[in-house]
Amino acid sequence: MEAHNGLSAKIVQEAGFQGIWASSLSISASLGVRDSNEASWTQTLEILEFMSDATDIPILIDADTGYGNFNNVRRLVKKLEQRDIAGMCIEEKQFPKTNSLLEGAKQPLADIDEFAGKVKAAKDTQRDENFCVVARIEAFIAGYGLSEALKRAEAYHLAGADAILVHSKEKTPHQVISFLEEWRDTSPVILVPTAYNTTPTDTLIKAGADVIIWANHLLRSSVFAMQKTAAKIYSDQRVDNLDSEIAPVAEIFRLQDVNELKQAEKQYLK
Amino acid sequence: MEAHNGLSAKIVQEAGFQGIWASSLSISASLGVRDSNEASWTQTLEILEFMSDATDIPILIDADTGYGNFNNVRRLVKKLEQRDIAGMCIEEKQFPKTNSLLEGAKQPLADIDEFAGKVKAAKDTQRDENFCVVARIEAFIAGYGLSEALKRAEAYHLAGADAILVHSKEKTPHQVISFLEEWRDTSPVILVPTAYNTTPTDTLIKAGADVIIWANHLLRSSVFAMQKTAAKIYSDQRVDNLDSEIAPVAEIFRLQDVNELKQAEKQYLK
Amino acid sequence: MEAHNGLSAKIVQEAGFQGIWASSLSISASLGVRDSNEASWTQTLEILEFMSDATDIPILIDADTGYGNFNNVRRLVKKLEQRDIAGMCIEEKQFPKTNSLLEGAKQPLADIDEFAGKVKAAKDTQRDENFCVVARIEAFIAGYGLSEALKRAEAYHLAGADAILVHSKEKTPHQVISFLEEWRDTSPVILVPTAYNTTPTDTLIKAGADVIIWANHLLRSSVFAMQKTAAKIYSDQRVDNLDSEIAPVAEIFRLQDVNELKQAEKQYLK
Amino acid sequence: MEAHNGLSAKIVQEAGFQGIWASSLSISASLGVRDSNEASWTQTLEILEFMSDATDIPILIDADTGYGNFNNVRRLVKKLEQRDIAGMCIEEKQFPKTNSLLEGAKQPLADIDEFAGKVKAAKDTQRDENFCVVARIEAFIAGYGLSEALKRAEAYHLAGADAILVHSKEKTPHQVISFLEEWRDTSPVILVPTAYNTTPTDTLIKAGADVIIWANHLLRSSVFAMQKTAAKIYSDQRVDNLDSEIAPVAEIFRLQDVNELKQAEKQYLK
């Protein structure tokens, strides 16, 4: 499940999900910039660190192109491991990237060998054997067909990718399902049903998907709520009528774990 | 109206509000840490810069104690002005601070002269004559009465404070209204009706308040919505039934102003 | 004159130089990383901000490729202006860049139109009319001849570049002098005599150079001194015999301007 | 041996020293600010991370007061361990601190119990059993005598401090030697002979010191060299006569380990 800061990450964990998707779209949007590498990679890394500090479940970062070439990827892997991030998904585009769902955007792909080099560099760099490198196939997004997608997935699999994420912006899952049929479980496959959101999850799982990422729904939920609340306060000029739509201050304090600090003060401040 | 990142700041602006309250509680909570100076002042400053980049209306930062002594305040003012922040509210507590609404927390106040020195240092440092320094009176929060609150407000007013923010955690506005009666418009007064949220805004304005800050309601609204959405997705394992509760992806793109980038690409990329 | 942090920048200013070259090689080396965009652009920006805070003379940043495409350049210009940086030099390479003096390194150039678009985007973004955009010609570095260098310089000049920096790694200045002869003062020209360091400065000025940058000599001087001092302390296991080779602690305090703080404490701390 | 950035840290390691002292004075001075917590703790942390990335030997950070109370110390320890910092020295002053060697500065000490709480909180937070917490006794600096210094050292030792650093600004080591005599090896003792720099190291070791820190000599060496080089270039307007006083560009490249990148390019870029 998507999160974009420490708070939403904690909400994901408390809801019971097994892992967190640190979405590039959500993080950039919450910062107030575009999903086009306007925030630097270390600014994103700082958000990641807060997310990691606030939670105990695995975080998979949506790391765009890796923010440069194989050498930037090597540095990134080191920095992610230091911050207890469980894995990294990189996509075969060119820096700076453009969001895959943006209509009319050009999506030039990376050279296969160059991207496979990135995957291999990442795997060679990691020190924690559990760190996970996911290669994200953008061939469908860029207008290519199944054979190009498979060729690329195969190359990245051979380069060491732990899993393949196949992306599609079609409203039906036909592209990703055709991929799953041919891929035949060569390695785990991750799907992101944002565009084809009406397909039952079961259908995707039965087709062979190993992981489903709901990639931006907490952010979108918060935008909807904040716009509604802002409009209401602006028109009513009062806040006493919001109790059924906003969390109490005490719930904010609970999410911040203020009780732990109170206990610690007793122990360390006399 | 409160905001805590670039996105919520833009939502505040689009709703029509005249200014943005960069709340310390909200910013710390959204980062996933406590409102006890766990994030460094430059980490907060970076959030502020994103908020400023995303908006055109004035931002008033809830700057806790100024993050140290008068010298830290001087540096802070310079950094805020460089990032086009309109003003700064500092409170008469000791570093690291504790949130004023936290039950049972000790709230030791700063020495009056020391805090007045901070106010004076801030005013002497600013280069933009419109930069605004607000002194936040925590006497009521700390358990003192009206005369202490007035004595402190007077000292900070004389030190150059452009406005006074009087805080109270009572459920009724009696403390702040008694203050307004005695203060008699010596300088502008700001109120934060979080605890006494059922008092009609008109009552506060008629009592002499110049500015009302709704200090954390967008954050609380987003927490409520994200918790609900997370629970629903976790139980239903689907996202197609959320359309009436979440913003479309296209709305996220609009908030990020992707169209400006598309236009600019035509101009600068051939 | 080159500087790489707040301290060296202040030393440059105190020596009487008219401007500071915030060298990418020096800054990366002082951080301990390679001159290949291993540090993020915001990490470099933070160093720049400290340099700007410590000085009053103009700082020209060696901004590599602009750290991405025209859109990254636009954001960079805004951030530099906010930090009182006087100008930016960008070079026609591809991100991530490689240092121009590195033997045997591939140096693929940017497409002319794409780089001219960056220059134009920078000029359109600046708000301070004095902000300066320098286009750095890497054609000689990449193995091209004079006509390519001139063609590129002309394109960037037409796109709005305030000055041209022509780089060469030859041990004699023949390339840059041939450029100056043909350029005939179309716009100001900047030279960086690191490789052709034995050419008298007068020769370069008479040939038409408008600005000479000594691009890395303070860093190299500090490395030489620190290596010598470290070796001496390690072998002698004493520090009393260093007085003629190290600045007194009092000189460090003076460079930090501790006296201003002492005075301010009298004024603001009672 | 002191270092203040990635480059000087690598020089310390290459010289053969067993550990690096990340000096607060040196780091602040190199950034161009005062040793009074003008840089935020996360800005210092970023410098530390570059130092750690550039070296393999243990780094002990001069962490001032811990940048706040016990809770700030807890967060600091977590962040230091993530960045592979070997240990932390905190001093019994109040935030923001003042450099101990600054003449005429007030040096109010922390309350003993409060500081002991910080030490205990640090020890309880660390996950790596080798992480080292050093308590720095400032009693002599603040004008107190031996008994106060011993009382404080004892309290911090009981709170779990792995070592004691006794500081003195006297020109002779009489204070620290008197401390060593009474302390009788209760725990390891660290000395910083900046003021009493003429005392032979052997004398300090024989008196019982376990570790000697040369706390600022690389920075002071670099300032001396940069000032001399800057003056010379400014007056001569040439750089060809500096070869015996500056490191070659190739030496900078070597320190940046460009060869490793060249090799890696062969492997990952085809």
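For reference, chains read A, B, C and D in written order, and residue numbers begin at 1 within each chain.
We adopt the following convention: contacts are C-beta pairs under 8 Å (C-beta built on N, C-alpha and C of every residue); 3 or more make two chains touch, one makes a residue touch a chain.
This is a predicted model, so every value here is computed, not measured.
The minimum number of touch steps linking chain B to chain D comes to 1.
Between C-D and A-D, more C-beta contact pairs join the chains of C-D. Averaged C-alpha coordinates put the centre of chain A at 37 Å from the centre of chain C.
Each chain gets one centre point, the mean of its Cα atoms, and the points for chain C and chain D are 30 Å apart.
For this pair, chain A with chain D, the centres built from the Cα atoms lie 39 Å apart. Shown for chain C are the residues in touch with two or more other chains, namely 36, 43, 53, 69, 71, 261.
If you check the complex, the residues on chain B that touch chain C are 53, 69-71, 74, 78, 82-84, 113-114, 117-118, 120-121, 261, 264-265, 267-270.
Only residues 1, 5-12, 14-17, 25, 28-36, 39, 43, 46, 50-51, 53-54, 99, 101-102, 104-105, 193-194, 197-201, 214, 216-231, 233-234, 237-240, 242, 245-249, 251-253, 255-258, 261-262 of chain A touch chain B when the two sit together in their complex.
Chain C meets chain A in the complex at residues 36-38, 40-43, 67-69, 71-72, 75, 95-96.
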